[in-house]
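Just below is one structure, and these are the notes that go with it.
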């Protein structure tokens, strides 16, 4: 096809506005963060990166990773079960559509509204906590576990489970009934089928979804900001503290370094997710 | 002619129509949506696996099998109908264009925009340069100019903080100037951030009310102004050139609900089991000035000093271990609902709660007297400079200072007003009695303590 | 074809038992998880209507949603922002995606990568690096909270891209465009008058997801000091917990109603279109309609 280079380039101009928009609003902030992490007071410096390995920041990183991993696991397992329960119903049925759209809403629920929902439920004068205290003698109304890491895990599960359902449903859709039939033709029990056929095929997709959930939980800010006011137990809250603290000043660039740390971790996790999903694509056609 | 070209353009990559699939398409696992129909341009980029789409898009649907093979064996970018050589040159051109665009945009957006010229009204009146009421031509001229501006932007002034709600409404009704109170919940650093962000706009803050650390670090943003009552303000409560003045202050105190907890006789009492799950600090000491001074107070009570905040951190660690520490932010909502029956906070803030709840009492521990004053300043880039200066005059007038007193705060001109007899004696008498010399941290001590806190606080309270 | 299901042939006893087990499993899982999700919502309703003094029920907190000027101002700001974001997203994304599909097919992969990039870069990181961009925006547009719409489009991109991509895959864009072009239509007409009307459900889906996202967005607004719904709710919580919880529940219910309506509408459309056209992929593969909210 003898087209001049210019002629080939011309149609691409239609994509330029979009590219420019993304450049300004996505690439520039990211690059600002990356450059700012290596600067201090306008001069290049590694001081902020050195600050990243301070014990309190490392503890926050560990907490972040821990909370993300636990919520990814909880969300992954429960979400997979819910997805399975939904997928075994009618493909076009009301249940499936209802669950999909409700999960769509709840996966976005996070943030201030979610924090308040749980404060209203399990907080110090929450509905469920007062009921549990009255009927089961638990000490929930005088305990503050909701505002610590344990509470964060429970609250994060609220949007991790729907996200898992949404991400994992297509994978379950790909598991064909012919496999099941073939397996039972060869004499396999349900357990054998799952152990030898179903689970191995679903594992890459499952692990990939877990990674997606991990990245989602790691990057979450609004919920923790609304729920936790004392201390900065996780990295996003450290960023908030570095930007808005009136006690320890001059940590703008440290916030950049923390943000760089976040990008790196989330990018690595998402790359792993992408690779895993690529593997699964081989099976499900 | 259009037609032959059209045909070429509309054939999808691989020479096949995108939606001619052998079988109905199944969505790839891990895809974020159940998609229908084949994807016309999904190409597996082996070598660029990392750079490729973040979610699994690598499903090949409805495409020729040869493409599947080639993509699998290749490890190369899958080719469309173009020849290899032209597409390489093409790619390099695209890369060059992208690189240029990136560089230009980065340069442009990386730099700050040109500074906006000052508000026309302000520049003609020159109010931004007035350093006192005399420079304005007298109080009446200042009032007239301020009324012409018509608006005042304040920031981070909660209505129940040192009676700011009443102060604002009194100012509004007295001079007919509308006060726009932004972000009442913001902290001092947020005020500076807002001033930076909104510089040159009509919404930028006109005046600041800042904690010590932030105020002294940002004097370059203030405009000097000496109020009419300048001489009655003690020297160590103001900057000599008028860049900042202390407006009100207080002492760290313990506020408590007598209906829910017994009265604490000192800071060390808070470790007792009667206060289990009931001791709250107003904010995070690594972020909020009030909480920071609260930790300084507990440090003083436990053998620390202005230079040593570690005993305070240890005290809170002990509180946490005993289960007495409540890591929630006490607000008037939580205090009224009984969630936070004991709060360590400035005495004027606790006093505001006494006005709302009859059983709320405030005590200032005699063995740990920590004082702190807030810093008032006029913004150098104030969009309403005359109104800003009038606000200063109002705050430091007898009326304004007495309004602070009404909120339980100690006005900076308290001594002078007491001597002159203009102080609100009833309100002054209601202030919690203090004995001893208060400790007020200097900037260096604050910085050192903040440094220690940022390292040790999370460890102590997590 | 179709999902793993217990719809094996009836009659034999072990299979009936297996089906029963499956049903029990489904009921238990969906019931328990459903409880976990409904209880906080019900608690919010209970908390916001509780009268602390009298111990009965009161709708005072809900009434304050409209009477409190600060909250109602923030609600209006958020709604306008949502509409602006949807408009900007449509104007920016739809022509680009159609154009890429029709004229620049080699850009499809990079486009997909770019659209899904905001998933990798956390919003918190974006807002940290946005200082200069916001200064420029304020310089160009004055100081209004509506410049947030430009920033929100970035957040909305992945979800909108997914919904629109699914919609575009489901229709035969090339044939439509070819037919229109051969009848003499210009590219603008092709995009606006030929392709877009076929994308209504996908557009609605993308729009509703964007609205839900903008209404729930807190990070950008709070760290850039704008007064939107979520920021106002967070602020309100300091003085009036019940009112803020009522506002939270209202915003969630609004987004939920939008998306459930969308799923009903898209379900109805799908049934109608599936019977009308020769394509039966949706029914046979049992996938959810591409236009139901994907990852919202």
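Just so it is clear, A, B and C label the chains in written order, and each chain counts residues from 1 on its own.
Just so it is clear, contacts are C-beta pairs under 8 Å (C-beta built on N, C-alpha and C of every residue); 3 or more make two chains touch, one makes a residue touch a chain.
Everything numeric here is computed off the predicted structure, so don't read it as measured data.
S.K.: For this structure, which two chains have more C-beta pairs in contact than any other pair?
M.R.: Summing C-beta contacts for every pairing gives the maximum at A-C.
S.K.: Specify the chain most distant from chain C by Cα centroid.
M.R.: Here the answer is chain B, farthest from chain C.
S.K.: Once you find the CA centre of chain A and the CA centre of chain B, what distance in Å lies between them?
M.R.: Comparing mean C-alpha positions, chain B is 26 Å from chain A.
S.K.: With chain centres defined as C-alpha means, what is the inter-centre distance between chain A and chain C in Å?
M.R.: Here chain A and chain C have centroids separated by 17 Å.
S.K.: Got the chain C residues that touch at least 2 other chains?
M.R.: 1, 100, 103, 117, 119-120, 131-133, 237, 241, 282, 285, 287-289, 292, 294-295
S.K.: Multi-chain contacts only, two chains or more: what residues does chain B have there?
M.R.: Residue numbers touching two or more other chains: 26-27, 32-34, 52-55, 109-110, 190, 193, 329, 337.
S.K.: Show the residues in chain A shared as contacts by 2 or more other chains, in ascending order.
M.R.: 12, 19, 24, 28, 31-32, 166-167, 169-170, 173, 243-244, 270
S.K.: Across the complex, what residues on chain C touch chain A?
M.R.: Residues 1-6, 8, 18, 22, 25-26, 29-30, 33, 36-37, 39-44, 46-48, 92-93, 95-96, 99-100, 103-104, 107, 111, 114, 117-133, 150-151, 153-154, 209, 212-213, 216-219, 222-223, 230, 233-234, 237, 241, 244-245, 248-249, 251-252, 255-256, 259-260, 262-264, 267, 282-283, 285-289, 292-296.
S.K.: Which bits of chain B are touching chain A when the two form their complex?
M.R.: 8, 26-34, 44, 49-50, 52-56, 58-60, 81-83, 86, 89-90, 93-94, 98, 101-102, 105-106, 109-110, 187-190, 193, 210-211, 213-214, 217, 276-277, 281, 283-289, 292, 326-329, 337-339, 446, 450-451, 453-459, 461-462
S.K.: In the complex, go through chain A and note every residue touching chain C.
M.R.: Contact set of chain A toward chain C: 11-12, 14-15, 17-19, 21-22, 24-26, 28-33, 36, 78, 81-82, 84-89, 91-92, 96-114, 116-121, 126-128, 158, 161-163, 166-167, 169-170, 172-173, 175-177, 180-181, 190, 198, 215, 218-219, 221-222, 225-226, 236, 239-240, 243-244, 255-256, 259, 262-263, 266-267, 270.
S.K.: Could you pull out which chain A residues touch chain B in their complex?
M.R.: Residues 1, 5, 8-9, 12, 19-20, 23-24, 27-28, 31-32, 54-56, 59-60, 63, 123-125, 142-144, 147-149, 166-171, 173-174, 202, 204-205, 208-209, 212, 228-233, 241, 243-250, 270-271, 273-278, 280-281, 284-285 of chain A touch chain B in their complex.
S.K.: If you look only at chain C, which of its residues touch chain B in the complex?
M.R.: Against chain B, the touching part of chain C is residues 1, 52, 100-103, 105-106, 108-109, 112-113, 116-117, 119-120, 131-136, 138-140, 142-143, 158, 162-163, 165-166, 169-172, 174-175, 177-178, 181-182, 224-225, 227, 235, 237-241, 280-282, 284-285, 287-290, 292, 294-295.
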